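Shared chain: chain A. Partners: chain B in the first complex, chain C in the second.
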Partner chain A sequence: MTAPRVERPGLFYPKLPATWWLRNANYFRFMLRELSSVFIALFLVVFLVQLHRLSQGPGAYAAYLETLRAPGWIIFHVVALAFALYHSVTWFNLTGVVQVVRLGERQVPPRLVAGASFALWAVVSVVLLWFLLRG
Partner chain B sequence: MTEETMTLEVTRYRPGHDREPRTQSFTVPYRTDWVVLDALNHIKDRIDGTLSYRWSCRMGVCGSCGMMVNGVPKLTCAAFLRDYRPGPIRVEPLANFPVIRDLVIALDDFMEKLRRVKPWIIRAVEKPVSDGEYLQTPAQLDAYKQFSMCINCMLCYAACPVYGLEPAFLGPAAIALAYRYNLDSRDEGYRLREPVLSEAVGVWECTFVGECSVVCPKGVDPAAAIQRSKLAGATDWLLSMIMPWAGRR
Partner chain C sequence: MATRKTSEPFWWLLFAAGGMVAALLVPVHLLVHGLAVPLGWTSISHARMLALAGHPLVKLYLFALIALPLYHWAHRFRFILEDLGLRGLRTPIAILCYGAAVLGTVATLWVLWQI
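Take a look at the complex of A and B:
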C-alpha cells in the first residue's frame, strides 16, 4: 500500500461519501456490473456442487435436482442469469474499446469489433444448445 | 419587462476562516450567449470581488476553468447558462481535489503525476540536430493523436471515484499521456514508463468505471488508454515469462 496522503494545513480535503455510486447512472451501472460477479460466482458454486452430486451416482443427482426445483432456487437462477447476461453484454461492448484491431493501416471501428464478438458469442451459444438438446 | 435572471449557488471557502466550504447564492442576468464562466465574472466584477476561481483562455484550450456544474465536471467556459434553465446552477470546485479557496483547487498532486510518467519523447541515443527531424507517417501520427489532445483540465480526475477513494492512483490523464508517448513511433521510453504504469496505484488500480471518458471535453478517452495499457502490460509480462531472453521494445 502507499503511504497516506500528507494533508496540508489550510486546505479543505473533500471525502467521497459511501453513497457515491448513487450519484449518477454510470456509477450505478458500474456497481451493478461489479455485483454481477458475485452472482456468477454463486452460480458456479452451485454448479460445482451439482457436478459433485453427479459423481455420486444417479440417485444423489436426482435428489439434488429435486432440491433445485424449489421456488427460491429458481428465483436465484433467474437473477443469476440476468446478471450473467448483463455482465456478458457490457463485457462484449467494451472489447471494441480495449482491443484495437487493425486492418492494414486502418483501425477497425470499435463497434465492429464488439459486433463481431457478439456474433461469435451467438454462434458458440447455438452450437452448445444444439449439442445439449440433440440427445 | 423585467430582465430575466438566473441563480448560481456557488461554493465559498476561506482558508483560515472556514472549517468547511459553504454555499452562497448569487443572482445574475440571464443571457443566451453566456457561459457559467461569464456569470462568475459578472459576480466578481459587480457583486463580490473576493470570489476566487481560475480561468484564462475562455475557449476550451487552456484547461484551467474546470468546476463541478450541477455535480458534473465541466469546463465552465463551455457550459452555457441556457442549458441549465431555469436554474439554479450549482457551481462547486472540481471534486476529489483539495480546495485552496472558493473554487480554486490544489494542482500539485496532478503535476507530480504528470512528471512521473515522463511525458516527452525519450530516445536511447539522441541524434544530432544536423541529422534533421524525426519523421513520421500519417498512420504513425494517427496511432496516438487522440491521446495527445489532452488539455490537462483534470475533469477526468473529478469524475473518477477510484481517485476519490485512493488519491495515490496515477489517474486517467497521466496514464493517457504515458500511453500517448508509448504509442509514438519516435519514442523509446517504454521501459522507463512501464514501472510507473504497472505499480499497484498505476493502471491496475483502475476498475473501469469509465466516467473519465464521458466527461472529457477533448474526446481523449482516457479509459480506453488505461485498459489498453493493462493489455500491453499483461502481454508483456506473459511474453517475459514464456521467453525471458527476448527483451521487448
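Take a look at the complex of A and C:
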C-alpha cells in the first residue's frame, strides 16, 4: 500500500476503514450515487444482449423477452430503474453547480440551470417514448 | 507542483459525456425494454424493432447510448474501489475498469454491425 506515496510524495492519504461510508447519511448517499453507475452499466449490457438476440431472428428475440419476464429479472430492472432515476436527479441537480451559465455580466442562478436540465430530461423522455411506442 | 502528463482529462471527458447520456436517456429505455415490453404493458414487434435498430442514425444513437455510460461506470467504479481502501492497486484497477469499458465498446460495435 506504500507504492503511491513514493510515486506521488506530495499527497497525504488518511487511513479509513472500508466501511467509512456507513457512518453518516451523506456518505451513504454518495456511495449510492456512485453505485448507480454499476446498475446502469449492467442494464446496458442486458440491453446489448437483447439487441444481439434481435439480430438472430424473431424466435431468439421472443425467447429472450420470455427470459426477462422471470421475477428475478423484473426485480433487477425495478432496482436498476430506481438507481437510474437517482443518477438522473443527482446529475441534473449538479449541472447547475458545475456548469456556470452567464448572461452578460450576470450569472444564471444554478437552480435555474438545474430546472432547465430537468425540463430537457422530461422533453427527451416524452419524445423517446412516443418514438418507441407509436404504431 | 510540476505538471505531469496524464490521460486523466480524456477519461474524465468520457465520464462526463457518459453521465449526461445516462441521465437523459437511460431511464426511459430501462422502463420500456426492461419492464414495459417483458411485462406485456406494451409490445414492440420483432420486425419494427429490427427496422428501428437497423437504421444507420439509430445505430449511431444506440452506440452512444450503450458505450458512453460504460466509461461513466469505469470512472466511478474505479474510485469506489479506491475509496474502499484499494488505493495501493490504483494502476491495475484503472486498467481493469477502463479496459472493461473499451471491451464493452468493441462488443457494442460488433452487435450493431450484425443488425
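Here are some notes:
The criterion applied here is as follows: the second predicted complex is superposed on the first by the 121 of 135 C-alpha atoms of A that agree within 3 Å, B and C clash if a C-alpha of one lies under 4 Å from a C-alpha of the other, contacts with A are read in each partner's own complex, and residues count from 1 in each chain.
The definition used in the following text is that contacts are C-beta pairs under 8 Å (C-beta built on N, C-alpha and C of every residue); 3 or more make two chains touch, one makes a residue touch a chain.
What you are looking at is a predicted structure, and each value in this text was computed from that prediction instead of being measured.
When the two complexes are overlaid on their common chain A, residue A:Phe12 makes contact with chain B while staying clear of chain C.
Once the two complexes are laid over each other on the shared chain, residue contacts for A:Ile75 go to neither chain B nor chain C.
Set against each other, chain B and chain C touch different numbers of residues in chain A, with C touching more. In the superposition on chain A, A:Ala119 makes contact with neither chain B nor chain C. When both complexes are overlaid on chain A, the residue A:Val100 reaches chain B alone and has no touch with chain C.
By the touch criterion defined above, A:Leu22 lies against neither chain B nor chain C after alignment on the C-alpha atoms of chain A. Legend: residue contacts after superposition of the two complexes on their common chain; A:Leu132 is shown touching chain C, with no touch to chain B.
Look at A:Glu34: by the touch rule set out above, it reaches both chain B and chain C. When both complexes are overlaid on chain A, the residue A:Leu65 reaches chain C alone and has no touch with chain B. On chain A, the surface patch touched by chain B in one complex and by chain C in the other comprises residues 1-2, 10, 13, 16, 20-21, 34.
Residues 13, 15-16, 18, 20-21, 71-72, 95-100, 106, 109, 139, 142, 161, 164-168, 200-201, 207-211, 214, 221, 223-224, 227-228, 231 of chain B touch chain A in their complex. Interface residues of chain A facing chain B in the complex, by the touch rule stated above, are 1-2, 5, 7-8, 10-14, 16, 20-21, 23-24, 26-27, 30, 34, 94, 97-100, 105, 107. By the touch rule above, chain C contacts chain A in their complex via residues 1, 19-20, 22-35, 37-39, 42, 44, 46-50, 53, 62, 65-66, 69-70, 72-73, 75-77, 79-80, 83-85, 87-88, 90, 104, 107-108, 111-112, 114-115. Residue ranges on chain A touching chain C, taken from their complex, read 1-4, 10, 13, 16-18, 20-21, 31, 34-35, 37-38, 40-41, 43-48, 50-52, 54-55, 57-58, 61-62, 65, 68-69, 73-74, 77-78, 80-81, 84-85, 87-88, 91-92, 120-121, 124-125, 128-129, 132-133, 135.
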